[in-house]
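The chains carry the letters A, B, C, D and E, assigned in the order they are written, with residues numbered from 1 in each.
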Amino acid sequence: MTPAMASRGGIGGRILLYAALIVLALAFAAPLFVMVATSFKTMAEIRQGSIFSLPHQIDLSAWRDAWSHACTGAYCEGLKPGFVTSFQIVVPAVLGSVFLAAINGFALARWTVPHADKLAAVLLLGAFVPYQALLYPIVHTLGLFDLYGTIGGLVLIHILLGQPILTMIFRTFYAALPHEIVQAARIDGAGFYRIFFQLILPLSPSILVVAAIMQTTAIWNDYLFGLVLGGTGNTPVTVLLNNIVNTETGEARYNVNMAATLLAGLPPLAVYFLSGRYFVRGIAAGAVKG
Amino acid sequence: MMNPVNRATTGGISIRNLSKAYGATMVLKDTSLEIEPGEFTVLLGPSGCGKSTLLSAIAGLETVDGGSIHMRGEDVTHVDAARRRIGMVFQSYALYPNMTVRGNLSFGLKVAKVSRNEIAWRVDRVAELLQITALLDRKPAALSGGQRQRVAIGRALVREADICLFDEPLSNLDAKLRTEMRMELKKIHRTLGTTMVYVTHDQVEALTLATRVAVLRGGVVEQYADPRTLYEKPETMFVAGFVGSPAMNFVRGRFVAEGQGALHTADGIRLSLAGYPFRKPPVAGDEIILGLRPEATEFAPASAFAAANPVEIALIEPMGADTLVWLKLGEQMISVRVPSDRAPSPGDRLAITFDAARASVFAADTGLRC
Amino acid sequence: MRREGGYSAGPGLILVPAILLVLLTYYGSILWTIYISFTDSNLIPNYRLVGIGHYIRLWSMDRWHTSVANMLIFGSGYIVLTLLLGGTLAILLDRQARGESIFRTIYLYPLSMSFIVTGVVWQWLLNPSTGVQQFVRDLGWQSFTFDWIGRPDRAIYTLVFAGVWHASGYVMAILLAGLRGIDPEIWRAARIEGIPVWRVYASVVLPSMRATVATCVVLLVTHVVKAYDLVIAMTRGGPGTSTDLPAKFVVDAMFERGNVALGSAAAVMLLLIVAAALVPFYLYQRRQPK
Amino acid sequence: GRKDDGRPVAEVIHSWTSGGESAAIHEIVAAYEKRGGRWTETAVTGIHAGRALAISRIAGGQPPTAMQWAMSRAVQDFGKQGVLEPLDARARREGWQGRYSPYIYRQMQANGHIVMEPLAIHGGNWLFISRQALDAIDAKPPENWDEFFDIAARLRAKGFVPLAFSGEAWTQTLVFYNVMLGVGGKAFYRRVMDRHDASAVSSPTMRRVFDIFGRLRDEVDAGVSSRTWNAASGMVIAGKAAMQIGGDWTKAEFIAAGQQAGRDFACVPTPGTRGAYIIYGESLVFPLGRGDRGRAAREMLLDVLNDPALIQRFSAKKGGVPARLDVQPIHADACTRFAAETLADPDSPVPNGLLAWDSDTEGELRDIIAQYWVRSLSTDAAIRSMAKVIHDAA
Amino acid sequence: MMNPVNRATTGGISIRNLSKAYGATMVLKDTSLEIEPGEFTVLLGPSGCGKSTLLSAIAGLETVDGGSIHMRGEDVTHVDAARRRIGMVFQSYALYPNMTVRGNLSFGLKVAKVSRNEIAWRVDRVAELLQITALLDRKPAALSGGQRQRVAIGRALVREADICLFDEPLSNLDAKLRTEMRMELKKIHRTLGTTMVYVTHDQVEALTLATRVAVLRGGVVEQYADPRTLYEKPETMFVAGFVGSPAMNFVRGRFVAEGQGALHTADGIRLSLAGYPFRKPPVAGDEIILGLRPEATEFAPASAFAAANPVEIALIEPMGADTLVWLKLGEQMISVRVPSDRAPSPGDRLAITFDAARASVFAADTGLRC
């Protein structure tokens, strides 16, 4: 869409547009407001007051506790230790899974792969298996290859489990690319990888961002595999968060819980925010007629 | 670019019994075409007749359903496009949107591991030739239609392949540039001896550039001949009607054996065919069609002729140097091209004359030349 | 979608190991699960076959029927509303709004927050004595009632709210990536024809993004099928068993109720249901002119 | 990081993650490390996650040195699968039989082997009452259900929510068992819970249990269904609600809010349950198969746990009473003292749901009770379903 | 389609001092153009000169940086494209990819709430006209380039707006179809009196269709005149060189006052300008440029002429009916168009003759007609 289109509908349309955007943003942010407000309250205030009220005074102790004091087992070091582990898992797993899925999606969409349709469908079906049902075989197999309890094993599993949906997303996206561009590159003598790296990847910033958002979210927030496959010592943030927040018979400190959740959510949020400029770019605009 | 490397004998293409369907639509039907090394073959035909499809098949971009393609003497039917070593210009440009013009031009060379200097040199050379030097650092989205097309041509030329395919490469260029480019292509073809297969709608392009023109109709090659033959001795009515602009006029009637043969139209007009070199004269009474080129037809004041074929001016189309005069010959319309300064006035009554030796006669039933 | 008629070995080389590994992970696990569902595994898996008893018991359980019925109710509401809201957001953002990046991040933020705690916030918001109902009553509308979370017949819809809030950003991101790939000339053509913007979206843009929308649907279906955290965080399946969902049924059976075989049988049934639902979709996709 | 310095590494899975729990487990960690071992752990809260972790690790051939497991039928089933280390030799050596009450000692065995070591005991039949509320109506804590409803009515008149309650199914089940114990007495309770007597379910007593349990629905407020038990405690602490039924872990909420047992709130047995103790046991089990290194760690851990002083400190921080009879609670407040007194009677322990049933049956019963609570099931239907489940389980 | 509704007086367009830049690139510079109601204006100019940009500005698809556009007497500079009530054909087709051809044609009408019957009737009519009836149920992806273009034209025509904009609508059609379509467009224009603004590269199209042609160069209108004037009396050298194909020949030299004036080239050739209607004769010694149309130039056997201007045949390009003969006049190249049957042979030595009254003379410094 060209900037000229922005003028469409005039000032009135613009005001309506922003009104809609803002109202929706407020609605989306309401739970966030409750969380932030709660995180700055003392427990006494939380018990007494309304969830919508602003804190009487800003109490930062919950944030401090969540970051470095809350207990998550024998140790009371807050979420802090988990961040390193989580980054160690998320960075390679997101890069690996997005990258692999992009290649596979492109190959399935635009290249002669025998039975690509069926392959894609069979692959996709995998996305519907509840992960819990995969748990035992995965633990068992990882154990066989001595990968159990290692970050490497966990990364591998995240890469594999992300494939069905990601591959589908990339395949759909690449199928819509004007195919003459790929043809021209083939005429130019470029092989699969060159076309992929020099032509296709630069054309896909928006979908790469989508995939990265999906994977960052999924892997950062993954609890089950991080818990079960991480083994001892490789405890990601979510497991710590869960230990802080979830309690069956211990006391609940909602302010700490909220602060911890907000803290744990920051890295993905940063990814969403930073990915913005890549989103704005359209693809292929105008390079192809017809 | 202009390295006088003689590749003249390397780039032959032989297309044998090719067929291709999209679902139920048969696009190519048992198409065969022998393109000699160094030849400049133009594919001509109405929109949708399968020109682009045939070109794609040659490039290896479309799988074919049957038949084979040989290139440089080798069977390449199942060889990947990337390994056919050709250049190609796409009808839809297909520029790489993420790369600048320079990137578009040098991509293929980089792939081929041409040295940096050589790339820079070739790109500059081609850019100059195509008058796109000033655009080298723009991306395709910031180019006009014609500019994009020139970049697309440049991308094919810069590779210096011994086979080059063009799908209507000049259609979005202005006349001046088109003429220049046409001459450049001809020069390139002469210098390099590259085999060129060229799809166009433009008669002038087809006739000036081609060593041979293949006229396609519904995926079938109707005639494959040098431009002069094609123009003067079209084998079928379709070719006759399709080649030449303004188009050949057709006058329908029955063959009568008077004199050396004549044509009688339904509304009583008689045209003598004296001097026409029949291959096999039709039987008297057969329905035939007389093809007259607008420029090979003239008119004279009506009085000088028999009252049997008076004509009336229906429409006058000025076309710059010439003017096209549309005449009513009985119920049939005929166009005559005259220099603009000799154009008659609307309403004048005239009669036409023509040289039967330069006309064409077709059998009405088969459409084949008699 | 026209596919190039190439015969390059490149894609085959990358596809085979990657996809095989994925398929092995999923289908190996699925086969294992199928096998286990025919054994008498209880607390931990074993390999003594006992036949189809678990399937019979499964289909005789009220709770399973409730789960499946809930999945249909929740699933349709969730998918339709998420698509509508996500689509609306994508379209609003596509209109070249200033501050797009900020709005996009706000709409995406729910995704980054762990459901463990956002679930608590939603509980508060939906709780008649602390949340929206009380808020509106405090504003003076005393008869306002919004107590769905406590009503067995309505609680399932509250899951829809939270789910839509959580996932709309996803759908927005995917659709936005698709919208950015639309040929800008199309917009110009439509403007000339005087076609209202909404109509262009409804009749041209979205239909030509059918594959992308389908991707979203598939993604959302996987969410529905796997919906576990959501229920746990929001209602724990209650009131009673009124918000139970198949994934929760599976997990409960396997890990809480020490009945791995029954849980496996439920997982297998779930997969069969999904496969049955996907087949028509797949056939429809294939029938589309490419 | 998995440094290998030759020290026996205890790998422990547990779910003691909240402040008090953490302090408790830290006593064990400190003792273990003092003895020369290294402690690694996977702490996980949530019964599903914990089980998923534990079972998948055992099934996947990666068992931990020890794992926390509530004393339950499930652990006995576990033991029967032959995946837990028998502790018979050590039990004999250290005289475990005399160390635990007979009821608990029975629960420690599977297939005739000792397979768990209990650490602390919690009680499940407590009624917590806000002093402020009691004072407002000038009443004493109720001893039976009639008194309970009488007090409840008067509390409501004063603007209190009589009973703070949550929407979690397990709390509903807990309260149901409390009512069953209070209405039917120990004998009836054991008929159902120990002997799995389906006919008891069909008896008029059970109907009365359901009725009274059902009447509790009138004593709670509107927001009950989406509340956690902690939030329910918060209502009592904040003075909005008057009473809460629950386990002694509930006390931790009151303590954390700065309240004192006896002064700010009273803890008494749930109406009709004086002299009985619905028992919850916190214990460790030791999966088989970690090789020599694993065995060394396990033995060292068991040696550490043999120390009565450690158990005493652990239980104190955990908020329960020591599982061992030979260890006295320290710093006991009114509630703990009362619990210890009750437990001194060997006839007082009665099982909680986990001890009474295998997990599958327990879950089904929980579903029935939860559905009854939200009126999705009538009394008749609930009794019928319950009878069937118990009949099948027996 | 052919409803004889007279809209002739409704669709005037007045463009005043328009300017538009893309970043640093000034595309339109103070461009003004008065298009009378019912006029058929063709925008002609080299690739990248701003034709599409100007058309977009008229359509309201691009905001302008300065100036104003009036339509039907009203200022529409800030009126949305949707409310300018125009039809438009895009250079890149811009078909709706998800709709069939029928859907593409009828969508705008449906939105405008035209009755079902009327829609069906109009679509069928237009489809027939454009020969796309058989394609009505296909989607754009299954069409060839030319077929897409026809659909795009159909989409504009079916709206029956009183102003219609075309951006190279016929560039992908074959000659035959192009001729037909050209005539159809002319007929439509006559019947409906629609104001048409038409971008093309095709000389023939420009000259046959236009009532007036605007020649653009770098965003500036160089000449705006009827085709005949444009062709015969180009105001600038640029127009002279750009209009007409094959292009006008230019002979550079100095003006000398001998006789009625003559041109002396650097290599000593003298050409008499006797009969040329100077507006203001140049000063003797001024550098001037003589423009000769290839068809208005003839040659005679060399002997008949002064030895001063002998010519040599450099290249012969057959173009069907005619042949273009390239001659060397001293160091300068000149093309002469002759009927193919009168083409000379390579190597012949000839001399050229021309009628000065039909030539053009420009001042070399300004490029303006003298």
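Just so it is clear, contacts are C-beta pairs under 8 Å (C-beta built on N, C-alpha and C of every residue); 3 or more make two chains touch, one makes a residue touch a chain.
The chain list, named the UniProt way, goes like this: A = Carbohydrate ABC transporter permease; B, E = ABC transporter ATP-binding protein; C = Sugar ABC transporter permease.
From a predicted model like this one, the values you see are computed outputs, not experimental measurements.
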Shared touch partners for chain A + chain E come out as B, C
Could you tell me which two chains share the largest number of C-beta contact pairs? A-C
Cα-centroid distance, chain C relative to chain D, in whole angstrom: 36
Expressed in whole Å, how far the mean CA point of chain B lies from that of chain C is 57
Could you work out how far the Cα centre of chain A sits from that of chain C, in whole Å? 15
At which residue positions does chain E touch at least two other chains? 61, 80, 91-93, 95, 142, 145
Residues of chain A that contact two or more other chains, please. 2, 8-9, 132, 136, 138, 183, 186, 191, 223, 242, 246, 283-286, 288-290
Give me the residue numbers in chain C that touch at least two other chains, ranges are fine. 2, 4-8, 45, 120, 124, 130, 183, 185, 188, 191, 251, 254-255, 289
Can you check the complex and tell me which residues of chain B touch chain A? 56, 59-61, 80-83, 85-88, 90-99, 107-108, 111-112, 140-141, 145, 148, 155, 159
If we count contacts the way the header does, which residues on chain D are in touch with chain C in the complex? 47-49, 51-52, 55, 58-59, 74, 77-78, 81, 83, 167-169, 221-228, 358-360, 362-364, 367, 370-377
Of chain C, residues touching chain A in the complex: 1-8, 10-12, 14-15, 18-19, 21-23, 25-30, 32-33, 45, 88-89, 92-97, 100-101, 103-114, 116-118, 120-122, 124-125, 130-131, 134-135, 138, 165, 168-170, 173-174, 176-178, 180-185, 187-188, 191, 197, 209, 211-212, 214-215, 218-219, 221-222, 225-226, 228-229, 247, 250-251, 254-255, 263-264, 267, 270-271, 274-275, 278, 282, 286
Chain C to chain E touching residues, read off their complex: 2, 183, 185-186, 188-196, 199, 203-204, 207-208, 210, 289
In the complex, the residues of chain A that touch chain B are 178, 180-181, 183-191, 194, 198-199, 202-203, 283-290
